[in-house]
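Below are structures written as C-alpha cells.
Below are two complexes that have subunit A in common, paired first with subunit B and then with subunit C.
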Partner chain A sequence: MDARFTDMLRPFLKHPGAEPLDLAPDTDLRRLGVDSMQAIELLFTIEDTFGISLPDEDLNDTTFATAGSLWQAIAAQLPGEVTA
Partner chain B sequence: MPDSPPVPASPPTPDQGTPPAPPAARYAALDALPATATGAEVWAALGRAGLLTRAYRDGAVTAGTDPDGLADLLTAVDARFSIPATLSASVQLATALPVLAAGRTPLARQALDEVLSGRATVTLAATDATTGTDLAALRTEVRIADDGLTLTGTKRWIANTTTAAWHLVLARHRPGRHFTHFTWVLVPADAPGVTVRAADSALFAPSGTGHLTLDDVRLDRDHLVGRTGFGLPLFARHIATERLAGAQWGVALCRRVLADTHRHLTRRPHGDGTLWDLDPVRQRFAACLVRVRELHALAADCADAVALRHDATAAAALKAAAGSTVNHVLAACGQLWGAEGFTTGGIQEIRAQAALFDIGGGAGEVVLGAVADTAEAALDGLVRPGTLP
Partner chain C sequence: MTGNDLAARLSEAAEVAARHAARTDRAAEFPTEALDALRSTGLLGLLVPTEHGGLGGTARELVTAAEALGRVDMSVGMIFAMHCQQVQAVVRFAGERLRKELLPRIAAGECYLASVTTEAGKGGHLLTAEAQLVDGDGQLTIDRFAPIVTGGSHADGYLITMRSPGADATASEVSLVYAHRDQLTRTPSGDWQPMGMRASHSVALRLTGRVPDHHVIGEQGGFHHIAAQVFGPLAHLGWSAAWLGTAAGALSRVLRLLRSPAGRERFDLGSELLLTRISRARQRLDTVHALLQQSLRTLESGADLAVPARQLQLNALKITAAEECHAAVDDLVTALGLRHGYLQDSPTGLERALRDLRSAALNYSNDRLHLADGRLALRDQGVTFA
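Entry: the complex of A and B
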C-alpha cells in the first residue's frame, strides 16, 4: 500500500487513540467506521485521487472489506503497479 | 394564492449593449398558466420556453447545477403555482435529470432531450415497498444478463408517476445491503409489465404522485443508466442537490407566505388599528423572519459546497434547517391567520403540504444523524484560526 493511498484513507477512519493509526493490509474498514455513506465518499475520492474508474466487477463488499483489498483493486488500475 | 413574484433590482449595463429583459419577463411563459396548473403542465411550459437549462452551468446538465439558476427557477415556480407543482419540478431539476445525464447510451440521451425540452417528464423512482429511510433494504430487483434486463418490484410515493414518459428506477442487481449492489435503470412508461396507480392523496395530486409496479419488465441492456453498482453513489451525489433545492425553495415559500400573512395582518381591523399593531403578533412574525433569514444565509453559504463539491454534510444541514424552518414559519402563520387560514387553498392547506420539507428526500431525523456523524469537523470549521488557547 503506498503512502498516497494511506494518506487518502486515514480521514475516513474513526480512530479513538491519540497515536496515528497504523494501517495494515488486514485493517478492517467497516470496524473503523466506513459505513455506506462514508464508503460512497471514499469511492469518489479514490477515483478522483488516482484518476481511475474501478471496474464494475470490483464494486462489491469484498473490495471494500479491508485496506489491503481496496488497495489491490486500485493498484490493478494503475500502470506499472505491483499488487502482490 | 401566491403573491406576485419578487423582482430583484437589475442594474442596466450600458457598456454591454441592450440591457437584459426584466427578470420577471423571463417567466412570462409561466404567467400564461392558471395557478392550479399541474406539475406536468408547468414542466411543459418551462421546457417549451427553454427555461429548464437555466438550472445548470452553461446550460448543460452534465456540467452540474448552477445554484443561482436553480434558485431562480424554483422561486419563479413557487410564486405562481402550488407546492405539488413545484415539487414536480424540483425533483426533476435537482436529482432526476442529473442522474439521467449519467447515462451515456443513445436511449438515455433521447430521454434527457425529451425531458429537458418539456415534451416528457421523468420520475426518480428510488423508494419502494420498504421505508425511504433505508434504501439499502429496497427490494426492487434487476437481473442483468447478456441479452437484456428483467425488472421486478414496486415503487411507492413517487412524484410525477402518473404523468411520466420515463421512470428512473433504482434496483438491486445483487442481494445484500452493500452500497455497490444497486443500479439505475431507465424504464419507458409504456413498456409491457409497467403499471402506475395514483397515490390516494388529494394534497399531492397535482404532482402526479403515485405508485409504480414493475412486473417482469424486460428491457435491452442500453436501459442501464450509469455504471453497474453506481446506483447509490449517484443517488447520494444528486440527492445532495435536491437538499440544496429544498432549502432554496423553502426560503421562497416562507417569503411568500410571510408576505401574504403580513398583508393580511396589516389589513385586518383590531380595536383602533389592525392586528399588525399588536406586539405579540409582530414579535411572532419577526421570529419567523429571523428563521427565514437564517435559512437564506445557510443556503447561500452551502450552495457551492453542495453544487460544486457534492458536500453531503452541508446538504444534510440544509435539509435539516429547511424542514425545521418551514414547519416553524407555516405553523406560526397558520396561527396568525386564525379561522381564515382554513379556507380552501389557505395557509392550513399549504402547511399540510409543506410538511413534506421535513419528510421527503430524507426525513429530518436521518439528516440530523448525518450532521451528528461529522460533529467534530463541524466544530473545527467554526474556529477562527489563531484565536484559541
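Entry: the complex of A and C
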C-alpha cells in the first residue's frame, strides 16, 4: 500500500476517533462506512488517481472488504507493480 | 406440505381477514382476528423447519401466501410477509440455542415477530444504526426508539437492529438482536392515522430492556450480511406478492361485477374504451407476475445475490410491483367511474386497494432504490441479466 493510496482512501472513511486513522492492510473498510452504495464513488476516485480501470468482476464485497484487498486489486492493474 | 394443505390453511385465514378488513381499515386497528387465524392455522410457522414443528415452507410458498392474503387485505398480507422475513433470519442466522428456544414457539403460533429497523435521523438507511447495545454480565441492554414499527404494539417478539457494543463501534457496525415482549418495556407514541395500510398499525415505539448474549442473530456487526441474504430479497418478494395480490383481488372483483347480470346492464362490455382499460390493468399484473416468478427462480438458484445483475433484478421487482399494481387499480377506478370506482361501500373495494397500494412506492422508497440501482448499473458495464 503506497501513500498515494492511503491519502486517496482516507476521505471515504467515517472514522469516529479524534486521532488520525492508521491504515493497515487488514483495516476493515465496511466498519468505516464503505458499502456498496459508496463503492462506486470510491471506484471513480481510484480510477482517476491511478489512471486505471478496475474490471467489473472485481467490484465485489471481497475487493472492498479491507484496505489490503482493495490495494491488491488496484496493484494488479498498475503497470510493472508487484502485488504485495 | 402439499399445495392443497397450504391452500386450505390460506383459505381459512383469508376468510377471517376478509370478514374484518373493512372495520380494521376504517378504525385503523391492527387485524387481531386475522393474526389469530394465522396463529391457529400454523401459517405463522410457514418458514419454520419441520424439525422445529413448523410447516417447512419455502420462499415460493411465502409468495403464494402473501399474494392470497393480499387479495383480501393488503395490511394482513404485508404483516404476514414481514413476519416471515424475520422468521427466515432466525432460521438462517440464529445460533442453535436461540433457534431451539424460539422456532418451536413461532411454529406453535405463539410468537408473531415485528421488525425494528427504522430510526430517527438516519434517513431510512437500513445498514446504519445510532442506538448502541451495551454489553455486560452476559446480557445486552437495549434502548431504542423507532418511528415506524408495523404491528409494534401487537408483536410477541422483535428483531431489532442496533449498533454493536464497544467504544470504537461505528454506525456501520450493525447487529440484529431478538427480544421477546416480556424482556422489553414498550412505549408507543403518537397517533396512527395514515391514508392506507391502516390496519398495519405501524406506530412509533420506544423499546427498553435486557436480553441474554445469545439473542444476537448472526455475528455482532453482521447485520449487513443478513440484510443482503434474507431481509432484502424476502422483503422485495413478499411485499411484491402482497401488492400483486391486492391488485389481482381488485381486478377479480371488478370482472365479477362486470360479468354479473346487474353489471351487464350497467356497463357496456362491448365498449372499446372499457375493454382497453381492463386489458391495461391485466397487462400490468402479468408484468409484475412474470418478474416476481423470475426473481423467485433467481433466489431459488442459490446463486450469490450480491452480484449487481441479481440485486438489480430484485430491486426492479420491488419498484415495478409498487408502480404497476397501483397503476392497475388506478386504471380500474377510471374504468368503473364514481359509483364502483370511488365509493367505499362498492363491492369492488377499489377505494381501499388504491389507498393501500399508494404506500408501496414509499415503503423503502422507490427513489432510494433507484439511486442504488444507478450505482449498481454503473458496476455492470456489460449489462448482464439474472
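Throughout what follows, the second predicted complex is superposed on the first by the 84 of 84 C-alpha atoms of A that agree within 3 Å, B and C clash if a C-alpha of one lies under 4 Å from a C-alpha of the other, contacts with A are read in each partner's own complex, and residues count from 1 in each chain.
Keep in mind that, in the parts below, a contact is a pair of C-beta atoms (placed from the backbone, for glycine too) under 8 Å apart; a residue touches a chain by one contact, two chains touch by 3 or more.
All values reported here derive from a predicted model rather than from experimental measurement.
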| item | value |
| --- | --- |
| Which superposed partner A:R31 touches (first subunit B, second subunit C, both, neither) | second |
| Partner chain(s) touched by A:N60 [first = subunit B, second = subunit C, both, neither] | both |
| Which superposed partner A:D48 touches (first subunit B, second subunit C, both, neither) | neither |
| Touched partner set for A:D2, first subunit B, second subunit C, both or neither | neither |
| Contacts on subunit A seen with subunit B and repeated with subunit C across the two complexes | 36-37, 39-40, 43, 56, 59-61 |
| List of subunit A residues in touch with subunit B within their complex | 36-37, 39-41, 43-44, 53, 56, 59-61, 63-64 |
| Residues on subunit B engaged by subunit A in the complex (per definition of touch) | 136, 174, 176-181, 227-230, 232-233, 236-237, 310, 312, 370, 373 |
| In the complex with subunit A, residue positions of subunit C that touch it | 127, 168-173, 221, 224, 306-308, 371-372, 375-376, 378-382 |
| Complex interface listing, subunit A residues touching subunit C | 14, 16-17, 30-33, 35-37, 39-40, 43, 56, 59-61 |
